[in-house]
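Here the structure is laid out as structure tokens; the discussion comes afterwards.
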Amino acid sequence: MSSISILKGREQQIYQKGSQDFDMSCEKKSLAGSISQRACVFCGSRVVLYPIADALHLIHGPIGCASYTWDIRGALSSGPQLHRMSFSTDLQEKDIIFGGEKKLASALDTLIDTYKPKAAFVYATCIVGLIGDDIDAICKKASQEKGIPVLPVHSEGFKGTKKDGYKAACDAMANLVGTGSVKDVGPLSINIMGEFNIAGEAWIIRDYYERMGIEVVSVFTGDGRVENIKRSHGAALNVVQCSGSVIHLAQHMLERYGTPFIRVSYFGIEDMSKALYDVAEHFKDTCPEIMQRTQALVREEVKKVYPILKQYKQKLKGKKAAIYVGGAFKAFSMIKQLRTLGMDVVLAGSQTGTKEDYQVLRDMCDDGTVIVDDANPVELSKYSIEKGVSLFVGGVKERPMAFKLGIGFCDHNHERKLSLAGYGGMINFAREVYASVTSPVWQFAPRKTIEN
Amino acid sequence: MKTQEKVEYKATSNACKLCSPLGASLVFRGIENTVPLLHGSQGCSTYIRRYLISHFNEPVDIASSNFTEETAVFGGGANLKLAIDNLIQQYRPALIGIGTTCLSETIGDDVESIVKSYARNNADGNRPAIVSVSTPSYSGTHVDGFHAAVKATVDALAEKQDRPDAGINFFPGMLSPADYRHFQEIFDDFGIPCNMLPDYSQTLDGPMWTQYHKIPQGGAPVKRITAMGDALASIELGRVLSETKSAGKLLSEKFGIPNYGIGMPIGIKETDVLFDCLAASTGRPIPEKYHQERARLIDAYADGHKYVFEARAVVYGEEDLVIGITSFLSEIGVVPALCASGGKSGHLEAKLRQVVADFDEKQIQVMEGVDFVEIGKAARKVNPDFLIGNSKGYKIAREMQKPLIRIGFPIHDRMGGARIVHVGYRGAQQLFDTITNTIIASKQDSSAVGYFYM
Amino acid sequence: MKTQEKVEYKATSNACKLCSPLGASLVFRGIENTVPLLHGSQGCSTYIRRYLISHFNEPVDIASSNFTEETAVFGGGANLKLAIDNLIQQYRPALIGIGTTCLSETIGDDVESIVKSYARNNADGNRPAIVSVSTPSYSGTHVDGFHAAVKATVDALAEKQDRPDAGINFFPGMLSPADYRHFQEIFDDFGIPCNMLPDYSQTLDGPMWTQYHKIPQGGAPVKRITAMGDALASIELGRVLSETKSAGKLLSEKFGIPNYGIGMPIGIKETDVLFDCLAASTGRPIPEKYHQERARLIDAYADGHKYVFEARAVVYGEEDLVIGITSFLSEIGVVPALCASGGKSGHLEAKLRQVVADFDEKQIQVMEGVDFVEIGKAARKVNPDFLIGNSKGYKIAREMQKPLIRIGFPIHDRMGGARIVHVGYRGAQQLFDTITNTIIASKQDSSAVGYFYM
Amino acid sequence: MSSISILKGREQQIYQKGSQDFDMSCEKKSLAGSISQRACVFCGSRVVLYPIADALHLIHGPIGCASYTWDIRGALSSGPQLHRMSFSTDLQEKDIIFGGEKKLASALDTLIDTYKPKAAFVYATCIVGLIGDDIDAICKKASQEKGIPVLPVHSEGFKGTKKDGYKAACDAMANLVGTGSVKDVGPLSINIMGEFNIAGEAWIIRDYYERMGIEVVSVFTGDGRVENIKRSHGAALNVVQCSGSVIHLAQHMLERYGTPFIRVSYFGIEDMSKALYDVAEHFKDTCPEIMQRTQALVREEVKKVYPILKQYKQKLKGKKAAIYVGGAFKAFSMIKQLRTLGMDVVLAGSQTGTKEDYQVLRDMCDDGTVIVDDANPVELSKYSIEKGVSLFVGGVKERPMAFKLGIGFCDHNHERKLSLAGYGGMINFAREVYASVTSPVWQFAPRKTIEN
């Protein structure tokens, strides 16, 4: 593997536990000319707001940004499907010269009349700022004319990283929060935040909390509805998953409405159970019996899944895995999940981890584990081969790399159609890992042939 | 007044097109030892990579110059140069293919001068060639980006060197790796060298590896592109393309190389044109193998003609693909009731008239520059038996409960999009069998009787 | 007492087999300038013709000696001779291939002596060769008739003549014309002459004509069959076949030609065996083209492996085809939950164990000598995701609402049965894509969500 | 075409109108070694009895006869589908030596218990007579044990021609006729005979007669039921199509029950209308208003189809056609049908025509038309090319011959899934002819290329 060199300027974003001092460089912009697996500001906003199913999502810019994001995510809605449409102002050369404002106003007008959404989000893409379109004014005017919230999302692709896109999305939502009536909201109430209802995961989580006797006011933004977001400030607690994406909104709500928040993860038995217990803990004074209910729930669910997981563990024990995900927080859960299956994580990384995230990661990992920030296919493949992994957990962009090298793969990104959260999701995860790691097709991989 | 505005500025809903940097990236991916580099923000290359990966199931590394806010203010020159440096360090490419984006175009970066200035300051025999092409997302579609990149590459590299045996330049347009392999096989059987550009037959449909290849093997060799200035002739596929300032025309103007602008060879008639063209330009006979394939195909047409006769189809996708498919459908007796494209060349209907007999009698509806919401509305009205096009029509097919025959790009909901052969007698055979059997299956499955003998 | 009888003498309900004269007719149709002649009543040849026509969509002329009541009483000699005379007059064949029927066998006609006596009385250099084979419908299935005809032909014609470059004898077994073409291509690429018997690649999948051909062009040339006595080796496909007294063994015994009895080359593993066998027997390297096809196939396996993993399949048809398909399914991770055949060699399970890893762990059910009613009952119990076999399984697939992937013979409810490539890396690629996409389509169409992005 | 010679012994079975004296040789057994399009005795019995949907059809012999006839015909049933199963005693070598009686008895026993049919037909195939099985005795015994009619069909393949198979089927049915109660049968009643309900044709015909006020007692054998056959002797008239196949039964019923019969055809407007008028004529004394009802019906139906036929005629006018069918009677209708479409029949023949049939054919045809009996592909193709036909009407065995030569084809045999009888059937026929004759694929036919 000597032929693979690490780019100058990226050495500090790669760390092998035990071998070096730990001072991870991260939260940097991707290096020009490296093949980052990251996306852009627009992408960040789009993923957060995407699952709001009764809102219109209009992308103001040339066609690409809309085309590439048309119904590619597994975020389900129990009702309206408007979020699965792809709307674009499809700016042309003359719009770049003369401005796209008229086009945007007219598009909004027609689309709102046609689809009758409960709100509209207008995404600014790269060139919108440059050509000087005043989308705030246009949105305001449309809002007044149509009588629904029309919210600008300042997601010009180049103005930061994906994280800035998260923030822009939170800013837009913050304009909705607090505008609805909270008179029916009880004291044992939460918002589920950072949960996008991929393959119906929010429904599963919501069901757990409801069985504990808790009212879920709003899910941000899985199976999202404008009305629920408007009244979400009535909830007593914000339960935040996917720390990066919605933390701004949670902080905003803490400051503005005094709503406290806790951070959780729903992946794996350990973290899922903790997510329930932490909420129970929060409400145990208001509702003394909640802890018992939670214990009963956890016991019941674990009892169902444990024997099945044991079977998979027998097949997977001792195999090595690599993890590369968007947010680092998810990586923590995944390491535990893979350990539940008897597997060792030998490579872990994220696109957007913070220094603290990487510290936690380091503490969790065994000696020898490689930790990477904002990696590229060359680096990921290099360490996967060196470490001899049988499984790579990542997103669509990592998939072909894994397959090329004869490595099993599990899609843990938002394009997946498989529910991985909650207790049942752990079974799905185990089954998915098992299906890929033990498939007989790998016997034909040239790397295997050479090894044998 | 307001009504008029609505008509003028309507939103595009579920676009039937992609942006031009995607097309350029695809072309650069089809040149040997080349890295595509998009001059813009990180999202462009990441979105395009993911979109291409989901079709080809292959690694698709596309670099980005990774604009920041400062870049937008002070110009992208420094970023672009840094990107080139980094690419050279990590990939050691023979060529870097740069496509612009709406962002770099809008701030007015002059990529050509940046590249020139870079080259001046880095004069070194081992430096890769650099080709740049203007592909702002707000201008045209992915097809325009594709053709622009082909032309820019040829313009930058092709030379007259008086090489003997320089073969034939071949510009296949945007087709599948399997199509490209089939073209290569045809040229091999003719015994004539083929300078095909692009050629992602291996780079986007390759074998597994023992270690990661930063750049996949295969692709059009740079020296074959250079040699294009000496070729016997150029053949360029696409009836709409032939209306543009194309690579073939460029070579004709620059070096006097005869250019054959013909249709995509889909179906017997358009494939015959290609073979006749190859025979004429090389002076060699059509290899026996293709006579046999053609003869068996005609025999199959006869066997299946009644199942498909006057079946009604909705065809959509890139304009030249639509024309090729429509030509094929017409020759087997299917009525191409609706032909639609997100592209907007202004030539679609005229070109369709060239390939469809009794165009008016068949009451064919042609739509340019439309999106899937518009296609869906029109499709319902023509009451089709099936739709034929890329995966993105699945939603309307599903709503109409009509079968969708998947061809072209992207195929995101089936495996093997890269392996579809659209062209040649072989491609027509597969399309014919698929269409016939789709119709038979619909009939069989919806029948209360359930025969196994059709 | 009565219960026991019931078990012993049960009726066959919706048979998963055909009668042996069909197999023999198919073989004779695969020899150049040959007419098949069934010695029996008119119905046999007419039924078989119609059955074959509906699969191949080609004219299939099979003559009949056309028994009458008198023939049955006084013996069929006179009728058979008259039939031969008439065939010679009308068809001028190089060879007449005679298959018997239950009728001529039951009345005890000694066809071999009749033919000999005919030959004695018609000594004339221009007379065609005559091969006869015993194929009573009450003995075995169409597969037995097929192999018996191959062996009888080789026995009658093959000679040791010390020809140089006599190539390799190749007995492909009952596969499609497209399979046979692929084999020919492989041998051509190895650069070694192939004495393939039968070879109906052209005779049952040919072009249209300008006038009626009494015997279609193509087929194994008689002189290549004659030359079989000089070949380097024989390769015979079929793991069950290799247990019988086969043509390959006959040549081995008669002329000492080494015989490789291998499986049908379906899937990578069994195809590797064929290529290794070709490399070993010719001493030549495997052509690069096949390395590439194999490599791309493996890459495709990787891309699609999760869709098919532990999908459950019901496989049925001729025993050797079932073994080949099962080997392929196992190597891609599909569980061949039920493997069934109307054939009854007694070797099916043992041979399946040779090609399936973890045979017992997978709880594979194997059924020999069964009909479709029995297959249907067993299929329901194993809860398959799909069925794979010929068209005759459509009824059970339909009842179970499971997709049927059509392979083998007969394909009576789709076009192009003759064009299915089952063998080689290419065949595996097509099968893999078809299976993967069938599973994806089921999932997509039955999903309430209806993604176009799988 | 000089290379194609006519077999010695077949010259008298081919006649070109105008060129020779007419003395058609026919009703001969097929010449040994010719590729006849005919089948065998078993085939004749099988096609006639096949559509009786609530009967068990057990084929006694080796497997082939059953395999090749499994659900290949388009005869529909409105209820039971038992006729679409393929049952065989599947005789093996040892059965040939020791006899198949036990096996037959046992198979009957099990199958009747399993499928509970209203009757069973046991078809003898070639070797059954030779090995000496007494199927009459076995059937009789089974009938007594099971309490349903179990009827032997003496259809040994070699014992005659397909016509003898028709007779054997009629003999078997004759045993059913007269065994049911006729007390509910009225005076205005008919049996429809020689109608096999291909693609539901019997339902269409039955509907016409019922609209005329006539009761249809039984259809022989389309959508057939044992019970209806049993009481069919109660009908006042037998209306016979497909003369060859059921004429024996009609004659038997005339002799035994005095039921008169008339011969009809349901193909084409002319013959279809005549089939209705002839029946009306028969009953006009019993029911004076029937003629008016019939006229109204015919007028209404013709009015519906005429404008459509006119459109097809415009496209097909002047094209030439060849016809080769099983029974000659059908050919008469078809010639008229094709004339309705403006087409000229230049070649006509049948597998089983009689001298009288060919006389009628000769009288109908134009000068130059070739008439053939029991032809083979060589002859049929020779004359098709010589006469320049654009359409061949025949059965599956003729189809590839037509297609090889670039000639359109219409399947008029019993495997078709398209209703061609009645007025609607005429439209289907026109559409089918149009689809094949005008398909653009013929432009690629090598024969066309040479001609151009």
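Remarks
Per-chain residue numbering starts at 1, and chain names A, B, C and D are given in the order in which the chains are listed.
As a working rule, a residue touches a chain if its C-beta (ideal position, glycine included) is under 8 Å from a C-beta of that chain, and two chains touch if they have at least 3 such contacts.
Predicted model only: the values in this text are computed from it and were never measured.
Pairs A-B and A-C differ in how many C-beta pairs touch across them, and the larger number is found at A-B.
Separating the CA-averaged centres of chain A and chain B is a span of 33 Å. Here the spacing of chain A and chain D, counted between their Cα centres, is 68 Å.
Between the Cα centres of chain B and chain D there is a gap of 54 Å. Shared interface positions of chain D, defined as residues touching 2 or more other chains, are 71, 400, 403-404, 406, 445-446.
Residue positions of chain B touching 2 or more other chains: 54, 57, 207-208, 295, 298-299, 302-303, 392, 395, 451-454.
Taken chain by chain, the contacts fit none of the simple shapes, being neither an open path, a ring, a star, nor a full set of pairwise contacts. Across the complex, chain B meets chain D through its residues 268, 295, 298-299, 301-303, 305-306, 309-310, 330-333, 357, 449, 451-454.
Those residues of chain C that touch chain B in the complex are listed here as 54, 57, 205-208, 292, 295-296, 298-300, 302-304, 307, 391-392, 394-395, 398, 412-416, 419, 429, 433, 436-437, 440-441, 444-445, 450-454. Here chain B touches chain A in the complex through residues 2, 5-6, 8-15, 17-19, 21-22, 37, 40-51, 53-54, 56-69, 71-72, 79-80, 82-87, 89-90, 101-103, 105-107, 136-139, 141, 207-214, 392, 395, going by the rule given at the top. Across the complex, chain A meets chain C through its residues 71-72, 74, 76, 400, 403-404, 406, 409, 415, 417, 432, 435-436, 439-446. The part of chain D that touches chain C in the complex is made up of residues 1, 3-5, 7-9, 29-43, 58, 61-71, 85-93, 95-96, 102-103, 105-107, 109-111, 125-127, 130-131, 157-161, 377-378, 381-382, 385, 396-397, 399-401, 403-406, 445-447, 450.
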